[in-house]
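Chain lettering (A, B, C and D) follows the sequence in which the chains are written, and residue indices restart at 1 in each chain.
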Amino acid sequence: MTNFCSDNTAGASPAILEALNRASAGAVMPYGADPLTEALEARFQALFETDCRVFPVATGTAANVLGLAVMTPPYGAIYCHESAHINLDECGAPELYTGGAKLVLLGGEHGKISVEGLEQAISGAGNVHSVQPAAVSLTQGTEAGTVYRPDEVAAIAEVARAGGLGVHMDGARFANAVVSLGVSPAEITWKVGVDALAFGATKNGALAAEAVVLFKPALAETLGYRRKRGGHLFSKMRFLSAQLEAYLADDLWLENARHANAMARRLAEGLAAVPGVEILHPVEINEIFPRFPKAMAEGLKAEGFLFYTWGGGEDRVEARLVTAFNTKAEDVEAMIATAGRLAGQEVRKTA
Amino acid sequence: MTNFCSDNTAGASPAILEALNRASAGAVMPYGADPLTEALEARFQALFETDCRVFPVATGTAANVLGLAVMTPPYGAIYCHESAHINLDECGAPELYTGGAKLVLLGGEHGKISVEGLEQAISGAGNVHSVQPAAVSLTQGTEAGTVYRPDEVAAIAEVARAGGLGVHMDGARFANAVVSLGVSPAEITWKVGVDALAFGATKNGALAAEAVVLFKPALAETLGYRRKRGGHLFSKMRFLSAQLEAYLADDLWLENARHANAMARRLAEGLAAVPGVEILHPVEINEIFPRFPKAMAEGLKAEGFLFYTWGGGEDRVEARLVTAFNTKAEDVEAMIATAGRLAGQEVRKTA
Amino acid sequence: MTNFCSDNTAGASPAILEALNRASAGAVMPYGADPLTEALEARFQALFETDCRVFPVATGTAANVLGLAVMTPPYGAIYCHESAHINLDECGAPELYTGGAKLVLLGGEHGKISVEGLEQAISGAGNVHSVQPAAVSLTQGTEAGTVYRPDEVAAIAEVARAGGLGVHMDGARFANAVVSLGVSPAEITWKVGVDALAFGATKNGALAAEAVVLFKPALAETLGYRRKRGGHLFSKMRFLSAQLEAYLADDLWLENARHANAMARRLAEGLAAVPGVEILHPVEINEIFPRFPKAMAEGLKAEGFLFYTWGGGEDRVEARLVTAFNTKAEDVEAMIATAGRLAGQEVRKTA
Amino acid sequence: MTNFCSDNTAGASPAILEALNRASAGAVMPYGADPLTEALEARFQALFETDCRVFPVATGTAANVLGLAVMTPPYGAIYCHESAHINLDECGAPELYTGGAKLVLLGGEHGKISVEGLEQAISGAGNVHSVQPAAVSLTQGTEAGTVYRPDEVAAIAEVARAGGLGVHMDGARFANAVVSLGVSPAEITWKVGVDALAFGATKNGALAAEAVVLFKPALAETLGYRRKRGGHLFSKMRFLSAQLEAYLADDLWLENARHANAMARRLAEGLAAVPGVEILHPVEINEIFPRFPKAMAEGLKAEGFLFYTWGGGEDRVEARLVTAFNTKAEDVEAMIATAGRLAGQEVRKTA
């Protein structure tokens, strides 16, 4: 069985597991007053080359919504792509943590909102009948497997700034985006106007560790209370911090992401060459969205390749394949080969 | 340095760390559709000898408030002891997760509410001006280091049932209470009327793992949505489930708690024999509340024994000492001896 | 000055003011335990020919969101037209009262959602990552000045029922819809599947009075608490009930709506005959949406006709004109004549 | 029947009803953009001799909780007397509007909190586990029928200021307190440190009208959104403003309160002279709390005097009597006489 359903189906990087084992030794103060956690902020500040504030949590949803909550009042509007995780996949967590803000949904090709789309959507400021423009949330890399380039983020952030919006980045696959873009973490965040980043590690080799990274100190003032109140302040915080420390150490996070991206690129190239397969979005991180002939998709699944499919009409299905930090090259090649073989059978059958 | 500040200052049981390492192997489906998580419910059902539903989360606050949220409407009242963790130490998490319910605080000796106190407090049912009685929450073991006996829980639950209240148990130190009472988990929960239990593991050897255990299937209907919405559904759920599985395996949870309780008992006995030291509450789990002469408390801290102190008047301080699954007997003896020595000095000084 | 900005710009029907004066006499028990309020439910039950429950409030927003709150959990989804008042004009009130539910927006011609649109939108039931389908809200008459016919409501309600949704009706202009359709209140509500109605009176002659009408007794169980908690339980309730009683007495509500609708029809007919004016939506209640040449719109305003305009491109503007229970026929004729005159000037200018 | 249950059992002052009738004439813009509302703020600024901001609403609960919401974050603590309306009688409205803040309850004689009580209660600032001190709420006049003197408010406000708390005043019976104290509105509010006042009119002659009066402009920034979102922005706002304008005109509000207070004083004096009757709190506004022999209380009710009673032990009951702006002197005398007669019978019976 080869599982391309999600990068969440992978286990954890050995180095991160080892870090947990090391971190367990000795008694340390709880709730973040331990040496590992105390060192972590400096570690992130070095990484991001700025005086950011860092709040470890265990899930991407928590990281996203805590970052949103510090910039969005209960009567606020959060602008995001209609495919955003915060809209479709968090069961209303942003609404809970903001006290009932509204997500205003934007379209946009390949999972990305556009400057124009945002400009047109922002409305109602000062109008007491309307929710108030508060934040824009970008997913980096997107739910379509694409990335925002620094100039794209900057242009959106400029519109946001003009409209009084905070800029939030859902970085569940931030590492994949960074290596894809070949930029520094700073160049794709605060230098182009990002105020709050949900820095993901779980999908890229951690067990369960993310960090809310705030590039404006004022945003940090209430985050601690909100995190505790959400039940996201770990008593044995060292076990979150140890994961994040090991994730960053020796550029493990970049190495893991580079591998996952490479596997995705190879899988996309290989599948694109298979007759009958189309790739629906540019493959810029570790997600591939192929459209398969229905029979081929069924055949692949029957031969042990797991992935999600939906819709697609009568004889096609759309699929999502996700590679991970530990995806094996031979599994990628096997899937390409199998697809090719199934395509041949298809040709023969229809011939 | 010997840390008696909290059982949260300890690391994790080796068996639990090993379980994490084992759990990491292979690809499994995320969000609880993995074999470890799927087996976990049966494991808990066997443990509790009933058809309970189980929802792993990472923090005690999350476990508490999710259990409360499924039995308390936004306009509900939750009755609890004024010292309860849900009142003093969760920064309003119950209010967040219930949508704004009110905690109604009861007094009671040694951290325990009484049947009479609850009876007198329950009011307002059907009165549209008043929040509506919804739940009672018991902390087992309590914040004063004591335990509710099965008949005490049963009597409170009877009042609760008569008043239409759900019965919630904050079991952050459930293991310590179970071994203290010498009862089965069933005997101190559903058999005496408990509807929802926050089953703690973190303080007793896990890294970060708790379980919401629901003894009424109807309560489980909305919990999954509330957990996700709170950001508490782990994608790599196997890593929560593995902790809980290892925690229960070979009665590790009971063994850990037995050790912590024994250390606390010995520490209490030893300190009680030291002139000038009083023990303020019965020592029934792994917490001891001594009142020290101020000089002794300062002396103990100066010699490397860490613990929390507060109030106590001019020449005394009240302290909390907490032992853990890995507290060393020699550290306990060292503290007793040091207190004795400091008491002697005190005597000599004042003589 | 003639004000067509909104039916909210009108004062109150004299009969309703007189009822307030009458209601003020004598001492009565507060919070609805007065004879007027006690009689009101029977009055509504007779009107709707069923055993409905009635909760008077002062604003349409309150009526809407209380009705939604009793059928929508915090993790729920409410399906509605993108132009719905609950989406655009209530500053997030549905989110506040439901505890953070999500409005899922549907398109649809002339302010109406379609059966197909709803069917396609309903999704995520049982999926823990997704908000849960909870309610559909119809605006009757719509924000485009149109009405849903009984068979249209029935078809939508059937889809709703199949998907487990409650059916909510925003009836801020319910009277206008009822007289437009020529149906009984029952025929356009519970008989075609409506569960909760925000029965509006304010726009149609009351000072500030609406009623949440619940056609399923179970929905009423929590509404009283939610109303009080929202600050919408009047102490001197008699003054809300008196308005509603007078509103229904002698069919004042229908008479008022009939007049407003007739004025709108005449205004629409008259304007439609003016060269350069288009009417954008069928005029089925008391709202008209003309597209004017920009110069004509400006001319009309300059001559004292007040109305809202927006967008429309370079040389056109879209406008909304709303008539009320006390709109004068001569004001309607004056506007038509003025538009005609301005059109003539326009023709002459361009000739 | 003579109704002393509440000042809410009275109707409205004729002058206020007349103002509604006058206000109904003509078309005016909705939602507060009408001349009456626009003039209202200046009227209040003159009354309070400062640059306050004014937001009319219809209920005391709304006025209270909107004022609290602008000074209390979701993780905030509001300190108040345990008998406060916001605690006992609003079904959790403060929790709803603040997003889940916690009311911390203080004792105190005769319905009043003390400086010392507040000082001892304030805790947890900066501690992430604890809700954060945010506001103190004073009820003026109190639920025990007493008043805070200016120096008492000032002393409490000083503690509040030192602790970073906003100062909120529930002025449901503000008029009664002002005439009782013989002070100007300024002297008992912002001049002694009050930040937000719920200025009540309903209990003292209006139909349903209160005003949130904010003495710090910054607090006003978000109130408009919160009011709308709560469903408390009236479309035909003129009808709220007209009530408030008439309430203030010709000192009607003071005259009404003076009468109610005088009736209460006379009733208290008369009852105090009746053998067996005790008055439990100083009678400083329009509420009297007598303890009656049980037989006397029953006798009074049997003869048509309505009032609330509770508790009081075996042969006594505690009662609350409330007078209103239109209480008749002869009804007061009748009750005194009846109590006297019943006392005589009692004496005879027991003799």
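To be clear about the criterion, a contact is a pair of C-beta atoms (placed from the backbone, for glycine too) under 8 Å apart; a residue touches a chain by one contact, two chains touch by 3 or more.
Here the structure is a predicted model, which means the values were calculated and not measured.
Taking the mean of C-alpha positions as each chain's centre, the chain lying farthest from the centre of chain A is D.
In this entry, B-D is the pair from C-D, B-D or A-D that repeats the interface of A-C, since more than half of their contact pairs coincide by residue number. Taking each chain's centre as the average of its CA atoms, chain B and chain D sit 42 Å apart.
Inter-chain spacing, taken between the CA centroids of chain A and chain B, is 35 Å.
Between chain B and chain C the centroid-to-centroid distance comes to 52 Å (mean Cα coordinates, whole Å).
Among the residues of chain B, those touching two or more other chains are numbered 31, 74-75, 90-92, 96, 99-100, 128-129, 225, 228-229, 233.
On the chain A side of its complex with chain B, the touching residues are 1-3, 5-6, 8-12, 14, 17, 20-21, 23-31, 57-62, 64-65, 90-93, 96-97, 202-203, 207-208, 225, 228-236, 238-240.
Within the complex formed with chain C, the chain A residues making contact are 74-75, 88-92, 95-96, 98-103, 105, 128-131.
The residues of chain D lying in touch with chain A in their complex are 31, 73-75, 99-100, 128-129, 132, 222, 224-229, 233.
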